[in-house]
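Both complexes shown next keep subunit A, but they swap its partner, so subunit B is in the first and subunit C is in the second.
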Partner chain A sequence: MSLLRVSGLTKEFGDLTAVDDVSFDIEDGEFVSILGPSGSGKSTVLRMVAGFEEPTEGEISLDDVEIVGSPPFERDVNMVFQDLALFPHLTVAENIGYGLKQSGVPADERRERTERMLEMVRLEGYGDRAPAELSGGEQQRVALARALVNEPALVLFDEPLSSLDRKLRQHMQSELQRIQLETDTTFLYVTHDQEVALAVSDRLVVLDDGEIQQVGTVEELYEAPASRFVADFIGDVNAVEGRVTAVDDGTIGLDVGDGEVSVPRDAAVEELAVDDAVDVCIRPFLMRAEPAESDRDAVDDANETFSTTGVVRSRSYQGSDSLYGIETDRWGRLSAEVRSASFDVDDRVAIAWDAADVHVYRREGGAPPSEDGGA
Partner chain B sequence: MARSPRSDDERSAESGKRLAADGGSVSDADGRLSDLTSFFRERPRLRTLAIAGPPYGLLVFFFAIPLLAMLVVSFQTDQIGGAWTLGNYVDFLTSETYLTVVWRTFLLSVQVTAIVAGVGYALAYSIVRFSRRTTLLLLLVILPFWTSYIIRMYAWINILQSDGVLDSILNLVGLPALSLLYTETAVLIGFTYVWLPLAVLPFYASLTNLDADLIEASKDLGAGPIRTFLSVTLPMTINGVVTGVVLVFIPTFGSFITPRLLGGTNNVMIGMVIENQFKSAFNWPFGAAIGMVISVVVVALLVLATRLGGGLFGTGGETS
Partner chain C sequence: MSAIDSVTGPFERFAQAHASRMASVVIAAVLAFLWLPIGVLVFMSFADGGVLSFPPEELTLRWYRVFLSNDAALDAIVTTLTISIPATGITVALSTMIAYAVDRYVFTGRNWLQLLSTLPIIVPLVVTGVAMVLFFNGTLGLPDYVSVVIAHVVRTIPFATLVILPTFISFDRGLEEASKDLGADEFETFRQVTLPNVFPGVIAGGLLAFTLSFNEFVYTYFVKGSGDPTLPVYIWNQIRYNVTPEVNVISVVFLAVAVSMVLAAVSLTRVDLIARR
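And then the complex of A and B:
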């Protein structure tokens, strides 16, 4: 049985449909993220679960009890707000003990549980300070402790880490994971930051324009994105325009400019027909590159490999890898992430990738192809 | 004002020349303006004086000196310029009649302040929380200020008097007439009407600064609307509340026009007594003494109230 079950959730603000028929489940003890760009409706979903917005349609059940219609203060759910919303007129300990006080926990027990929470988030001895005296990271911990101390069935996060610098954010991510395991609580985390979402979540719900794009584990989403949007949004991706020339049991034939390649049938998640315009997507790290010998294609132009030559236009060093922006002769600008080779700007290179590694999506009418492959 | 040691002028002339030499093409007005700014930039103390001087000067001339004069006069017999005496204070503080008036004034001021604070807070809250026409509503709130206070009071006489507007309306719907004019209720109505905008503005200011997320956080943590109001909304806006309360309480305690026009002779307030000493009885020293005592009492009450407010709500007084 799922802890949280969201089904057919829809929210309209006037003419605008912010959330459109969203359904997903969360199991007890899971860490699930709702990932989407700003305006995708992800915060609205969270606010409906918390009780701050009433859905236009749909159901939300927590522990098999319908919670739509009950006010936020009656829901067994606590939220960590984007700007944390710590009470500035209360001390850290009073902030953490606020929820316990509301539910009538006696002062002794309140003090003890607050103390235990301060320990859990590693803020022992900070109880008497005002929130304003704490650093950003410390305030995050207080907000987390304030939500967790009530031992809610579900903790909601509305992008609380987005204001932190990268290093601190990464540290807080691992702290979140540790605390989630220690307290055995279910987390629902909303973010636009795919890096955070990939790092912390067991499963992801990808939202765009109010609609669910895909639900799955981090691996599923990264390795088999259900749509061009998901492929773009989760990790970098190159796209090459093509047209379907043949579809049979095992393969799809594609015309990709001057040349034909056949890719495995399961490279496409949707049914494709001959003459469909498609985007052929490939992750930069799955591309090979080597110095081109004169203008001749160095990689053999076999039927199951994409290959072209091009000129290195940009290079960004990323530790063990380098990311090259390459102006290709066949498909415009692509980016390739290459480990061993070392090229300079203006070098001619030959690049290639296997047909088995691509994903193919039908191109929506009128959508211009991505020139730089979303890098 | 302390201006013009000679060297200042000379130096300004010098810097003027230098600037003119630097920027030959600037227009005359620009040149003079930049002359002035550089003159003050080089003399930070003079600049501070130039900025702070006029308001402090005003305060000294129109507030400190008259207050001092009043203090001096209050220790004189009814022959100003004559002998010194404590008699005015003794007479006032031992007179049961006067002390009763002070007590009644205090009770009335507390009632007025409480009513205005309650209604004003609700009004400000509704403007902030439930309305999209904030500017228009605020404009309506302060609109009465554009009509003279006295005229508005006469309007209330018209409304409240026997067979006035209010009684006529009550009559129309078959209710008995109230004849409210010259009752304490009339005074309360008048004060509430006059001070309401004055309290709404600081309440509104503190409520707009209140982060709506804090209200949601409180509800999220299990507090219902009343608990949330008492433990978050009110403490977070206590500064505005104190400001509004002070703005209402002080002028009510000292006022004499509203109680005279709406309360008649049945509802004497201490402000009327003081006015009477100056304008009819021509006993300025006695009026000054009452004024001094009332000032001290009001200031003491306010200090007490502010302390109490701050104490009730922890560190709330220091936010915003």
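And then the complex of A and C:
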């Protein structure tokens, strides 16, 4: 039995459909993220689960009880708000104890449980301070403690970490995971930051323009993105335009500019037909690059390899690897992630990748690729 | 240009070299003009001798005793309070409602309401004073007391509204959502979250209203007619005929009222927590 079950959820604001027929389940104890660009409707989904917005259509059930229509203060759900919304007129301890006070927990027990929460988020001795006296990271912890103290079935997060700097954000991510394990609570986390989402979640719900693009584990989404959008949104991806020339049992034949490559049948998640315009996507870290001796000699038109030559235009250092922006002769600008110090800007390189590593998506309304097939 | 330069040049150089010192001098002068007379006044309220002469020969509480045994002056204070307290209450209630409405709701005439409620600030006091005499006492035939209270409300509403409105506007409505999320219903949320956060503004508005009302002279003088004088009117009557150090004592009373009001308000609210924001 799923803890949270969202089905057919739709929210319209006037003419605008912010959330369009969204359905997903969350199991007890899971850490699920809703990931999407701003304006994708992810916060609206969260606010409907919390009870701040009424769905236009659809159902939300928590522990098999329908909760649409019940006010926020009757739902067994607590939220960590984007701007935290700590009460400025109350101390840290009073902030954390606020929920307990509302449910009539006696003062002694309240104090004890607040103290335990302060310990859990490692803020012992901060109880009497004003929230404004705390640093950004400490305030995050208070907001988290305040949402956890009621022991809700589900804790919602509305991008609370987005205001922190990278170092602190990474620290808070691991704290979130630790606390989730310790409290054995289910977390639903909303963010536009794929790095955060990949780092903390068991499963992801990718949302774009109010619609679900894909639901799955982090590995599934990264290794088998269901659409070009998901591939783009989760990690970097290169896209090469192509046209389907043949489809048989095991392979798909592709015309990618001046050359034919055949890719495995399962590189495409959807049914493709001959003459379909497609995007061939490849992760930068799966590309090989080596110095090119002359203009075309490294181009290997072996049937199961994509290859071209090009000139290095940019370089972005990422530690042991660097991301090289390469202006290719066949497919325009691509980026390849290889060992640092391999090339300098303006070097000529030969790049290649295996057909087994690509994903192929039908291009929405895509015209057949032009002669030179720019990316 | 060069002619102007030769005149202003040296001055400008001087100003640039001594800018911060000049600024300090100006600030000191302004503060002195503001506070020295008040300091002297407080000091002189302890002066012996029947005339206002500085420095006094001896310090004494004599004029405080005179004041406390002066029934007319004490009556004037009571009269002032019987007007100021209800006027302040009415003003705070109305200003809070105006501020709430202007902040929360979009309605036709919203801008007009805001404008009309603050407009009386710029209308000359004497004009409004005369208008009120004609309207309240003449046209409507209201009793003096009612007219004066209404006059004080009219005088204080713009100021109270201007003080209270920003606290509503700056109040983060997300706090109300957080409160409901944590299990408080609408009423408990208003009581435990909204009210404490706008309270400092409401109190500040009330203090300003009370202080203005307690000191109000022009409207009172016009509208009150021949009834018991309020304290400002009483002082006015006193210094028109004879100046005694008792007037100093009454001024100190004004000062004490204002200061103790502020202290009371600070202790009533949790301004300290909010101020640390």
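Throughout what follows, the second predicted complex is superposed on the first by the 361 of 375 C-alpha atoms of A that agree within 3 Å, B and C clash if a C-alpha of one lies under 4 Å from a C-alpha of the other, contacts with A are read in each partner's own complex, and residues count from 1 in each chain.
Keep this in mind: a residue touches a chain if its C-beta (ideal position, glycine included) is under 8 Å from a C-beta of that chain, and two chains touch if they have at least 3 such contacts.
A quick note: this is a predicted structure, and the numbers were derived from the prediction, not measured.
**Q** Following the superposition defined at the top, how do subunit B and subunit C come out on subunit A, clash or fit?
**A** clash
**Q** If you stack the two complexes on chain A, which partner ends up touching A:R339: first (subunit B), second (subunit C), both, or neither?
**A** In the superposition, A:R339 contacts neither subunit B nor subunit C.
**Q** Pick one for A:E133: touches subunit B only (first), subunit C only (second), both, or neither.
**A** In the superposition, A:E133 contacts subunit C only.
**Q** Using the touch definition from the top, say if A:K167 reaches subunit B (first), subunit C (second), both or neither.
**A** In the superposition, A:K167 touches no partner, neither subunit B nor subunit C.
**Q** In the superposed view, which residues of subunit A touch subunit B and also subunit C?
**A** On subunit A, the overlap between the subunit B and subunit C contacts is residues 50-52, 71-73, 77-79, 81, 83, 85-90, 98-99, 102-103, 130, 146, 150.
**Q** Show which residues of subunit A lie in contact with subunit B when the two form their complex.
**A** Residue positions touching the partner: 50-52, 71-73, 77-79, 81-83, 85-90, 98-99, 102-103, 130, 146, 150.
**Q** Can you name the residues of subunit A that touch subunit C in the complex?
**A** For subunit A paired with subunit C, touching residues are 50-52, 71-73, 77-79, 81, 83, 85-91, 98-99, 102-103, 130, 132-133, 146, 150.
**Q** For the complex, which residues does subunit C have touching subunit A?
**A** Those residues of subunit C that touch subunit A are 172, 174-175, 177-185, 188, 192-193, 196-197, 270, 273-274, 276-277.
**Q** Residues of subunit B touching subunit A in their complex?
**A** Listed in rising order, the residues are 211, 213-214, 216-224, 227, 231-232, 235-236, 313-316, 319.
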